[in-house]
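Input: structures, listed below.
Two complexes, one shared chain (subunit A), two partners (subunit B, subunit C).
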Partner chain A sequence: MALPAFIGRRPTGAYRRLNPATKLVIAFATAAIAFAVREWTGPVTMLAVVLVTAGIARLGRPIVKFALATIPLVISILLVNTFLFPGATDVLARVGPFTATGTGLAAALQATLRVVAFALSVAVFSLTTPTDDLLSDLERRGLGRRTIFIIGSAIGTIPRMLERAREITDSQRARGLDTEGSVWRRIRGVVPLAGPMISGALSEVEERSMALEARGFSASARRTTLRTLPDSQTQLVARWLILVATATLIVASLTGLVHLP
Partner chain B sequence: MSLRLTDVGYRYAGTTVPVLTGVSLEVRRGQVVGLVGPNDAGKSTLCLVAAGLAPGSIGGSLEGSVLLDGRETRELRPHEAAQRCGILFQNPATQLSGTAPTVYEEIAFGPRNLGLSVAEIVGRVDGAVATLGIRGLVERDPHRLSGGESQLVALASVMAMRPAVLVLDEPTSQLDPAGTALVGRALARLATETSVAILIVEHKTDLLNGLADDIVVLDGGRVVAAGGASSLLAGDVLPAHGVRRPAAVSIRRALEAAGLGGRLTGGDGDILAGLAE
Partner chain C sequence: MGGQFSTRVITLIPVAIAINIVLGYTVQSVLKLPIYLDSIGTILVGVLAGPLAGALTGVLSNVIWQYAPGIGGGTIGPFAITAGVIGLLAGLWGRLGVYRSRPASGTQLLLAALVGAALVILVVLPIVNNQTYLDPSVGGFPDWAVPAAIGIAIIAAIVVAGFTYLRRDLAGLWVAGAGVITGLIAAAVSAPISAYVFGGVTGSGTDVIVAALRQGGADVLNASLGQGFFSDPIDKTITSFVVFIILASLSPRVVARFPNGSRLVTPEATA
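Moving on, here comes the complex of A and B:
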């Protein structure tokens, strides 16, 4: 007997079809170089790499949402670094008691590029790799079932918690709680939401763990893998090359062996 | 014999008051036994004990003997007990693994844990899907199902473990009438098409009417009555222990008390038979 075709259904597009481990290594390398390589070269190059990858994977609109999500953090980075950079004396402008400096602005822009490159590399990975593909591949590589379960259920819990939050908000609203309007009102609306959310989640834990036991979760046998995702020798070599190159570049940059602009 | 409890007593860890005392019951292959009783009678605890989860997974103190297919549950590890006895809880949402992208893979979760071959897993999943009539759900996301559908998927997931005994702890308590009917039809099919021994706790005695062969009434942690379903569901034992009779039985009794029973039964237009269904 064979598995139904939909179990092995593969995504379309060259980048999306890469093995999840390859995409994970690319995302890791991009984020690590963006953060760890000094000066402008690291973040600028990696942001370019991420944007090109996003283009190849045809991630137009979805990736914009991720980019927009970084705005609050980017604003705080720009403000703090530009106006409060320690020891900077090249004044650009004065706003009340605060002084914007050139050094601070440069540091702020660099940090912004690093954060955006990091966020988008995570976005490209998560948008091109179904969670179950990643978990299947990690499981095939020998990651324990408990670790896999924790990762999988943690990812799966987020939309379920959001759904539950919506249900609780609706029921609180139906009983007259005002959760619309000003920020303060919204914050006050969160308080009665937190209790039922936490108590509901905790009360389910015991039943959930017993349900897992009833499905052989504690069995010692090696878990059967249903999805075997295609991999290749080329991808294996590429992964190692990327990892070695990333480590070398970061070490060279941090130790000053290589001076990049 | 598939499930036999003999003089079972059980106390939760950290408590001194027993929840179950001197409980004895049997469920044979192909038999459906309904377990009814008022709130706090110990029904859910009895389910955990019968499935080997108490004290196996949650601790506590067990007295007496619980035999699952001839083996004492005390001697079984949780995954061994799971292959002898499947348990279905009230809330369908807590029974899904949360890691499977499709219903098919959700049902395959248990057999995969056992390390079975892919062919064996496919056979088990297909068997459970066919028995419960949920072929149309297999490609769907398990978290985008109705309550009744989710409970059927949870039941199929348990069935895929190929247990000799099924313990169902109020499987329809959180379902709307449509979901209850859906699960009720699936249980009826399960009872007639398989030889699984089924112990079902159910407040909705209408569901037990026609499904259960025998009824056991639990009150205060003790078995206070046991016998054939037709006589117990129609008699006065259930109301005496705070359990409602099936609606069809209540209506029949009311009509009979009013002297209308004889005029409304028998023949092609048997209204009461229709109500009972």
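Moving on, here comes the complex of A and C:
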């Protein structure tokens, strides 16, 4: 039997070559700092870190796509906070019954930076780390096979279910279902779409649990790994340093010991 | 391996996670409705397997949704906490036997249908009568909101009562109650996350409600809380009924094999 292609695959580039655990720690740290350190410094520096990493990993085009995906949220944040910020009195402009305030605009921009930094840090991680790499590395580090199966299987099921949803939509359309009419018509369309999708998915559960049991899924022996991803002492130290530094910074910032502008 | 995590549950959880994400994505991003419908899988697992399995499903759904963007998971990650709480509660309802079918007839059934309708009205009344929503000097919805809320409440009351009466099953009342309580708790957990992390909005259909409350003068946290108390009970009640219908459509033999199965099927159904 030929080995699957990913066994021999070697990632290229300084950032992509990092161990998945290191990339996970970086993504987690940037997201946590962007959210927990308030005011400007946290979100701005973290967005810079994310953009630099994206640059190193040569993610120019794909990252723009993810940045564009945050636009509806960003518009919502900007409009609601700039025009409707509770208690703000420093008026910038008036548009009809709405008043734009400086405090509101500042809060809106900070929230925008936080959200974009967060969304992009996760995007950089998921774009540079194949799911199978991440899972096999986490399993080697001792995460239980049940958790590994749940995560891996869920990620694999989503595209198949989206595909299935499209198939069901097409076949219901062929039977005369209206999926492009008014809101009310679309709401009525949910039942004939969701029903077959859920019942179909649930019917697989029984079959799959039999298949897993037949392959010794609940055996208690430790499994060997077919492929070990490269890791280094430097990365190990770096991971711990990043985690400790992030935790210290967040605690210091939340308790007011360090006040960043 | 017994407990809440039998192999059957382990294979159910990924399917439940996929149902959460695919359905939630469709409802929020494609249909743009001001509800979420992203916890059907979480509640299903909670009810079938128990609180821990439910919480795990909820938390992982949101984390995976965030990790696999491209399907609009931009803001969902931090709400993993809420999803976990919803799963825990669903497990609790399952343990208490809320989702077990309770056939009834005659006056008892009629009474339950009326109580169900009354329950919905009870939940909506404080919202409609709240000064924060009504009085323009304290805060308030625009004019159309109160009639809209009353309209939704009446429809919901009729649906709950009708469901209970037509299925000849007292469980309709219990499921509605569980859904409303889950919704209120979920709203209370979500509001600080939404206010602290996203400045109070989430980029979905529910932002209209947040904006309306802010316009009335509510502060960031209260506007999110007000939106949550509006959307979540409705959303979780619908979700609970969907889960109840799914459970009823599965054969008792299948349901009984899950860890919590004995509390979900009536003894005579398995015999």
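One rule holds for everything that comes next: the second predicted complex is superposed on the first by the 240 of 261 C-alpha atoms of A that agree within 3 Å, B and C clash if a C-alpha of one lies under 4 Å from a C-alpha of the other, contacts with A are read in each partner's own complex, and residues count from 1 in each chain.
In this section, a residue touches a chain if its C-beta (ideal position, glycine included) is under 8 Å from a C-beta of that chain, and two chains touch if they have at least 3 such contacts.
The model shown is predicted, which means the values in this text are computed figures rather than measured ones.
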item: Which of subunit B and subunit C A:Ala165 touches, first, second, both or neither; value: second
item: Which superposed partner A:Thr45 touches (first subunit B, second subunit C, both, neither); value: neither
item: Which of subunit B and subunit C A:Ser218 touches, first, second, both or neither; value: both
item: Most subunit A residues touched (candidates subunit B, subunit C); value: C
item: First, second, both or neither for A:Asp132, with subunit B first and subunit C second; value: first
item: Which superposed partner A:Ala111 touches (first subunit B, second subunit C, both, neither); value: second
item: First (subunit B), second (subunit C), both or neither touched by A:Leu73; value: second
item: Subunit B versus subunit C as contact partner of A:Ile148, first or second or both or neither; value: first
item: First, second, both or neither for A:Gln235, with subunit B first and subunit C second; value: neither
item: Subunit B versus subunit C as contact partner of A:Ala123, first or second or both or neither; value: second
item: On subunit A, positions contacted by subunit B and by subunit C; value: 149, 153, 156-157, 160, 204, 206, 208-209, 212-213, 217-218
item: Residue ranges of subunit B touching subunit A (in the complex, touch as defined); value: 48, 51, 53, 56-58, 77-79, 82-83, 86-87, 89, 91, 93-95, 97-102, 104-105, 108-119, 121-123, 126, 138-139, 143, 154, 157-158, 161
item: List of subunit A residues in touch with subunit B within their complex; value: 1-4, 6-7, 130-132, 135, 145, 148-149, 152-153, 156-157, 159-160, 204, 206-226
item: Footprint of subunit A on subunit C - complex, ascending; value: 1, 5, 7-8, 10-15, 17-19, 21-23, 26-27, 31, 33, 40, 56, 60-61, 64, 66-72, 74-75, 77-78, 196-203, 207, 210-211, 214-215, 217-220, 223, 242, 246, 249-250, 254
item: Residue ranges of subunit A touching subunit C (in the complex, touch as defined); value: 31, 35, 66, 69-70, 72-77, 79-81, 84-87, 98, 107-108, 110-111, 114-115, 118-119, 122-123, 125-126, 146, 149-151, 153-158, 160-162, 165, 183, 186-187, 190, 193-194, 197-199, 201-202, 204-206, 208-209, 212-213, 217-218
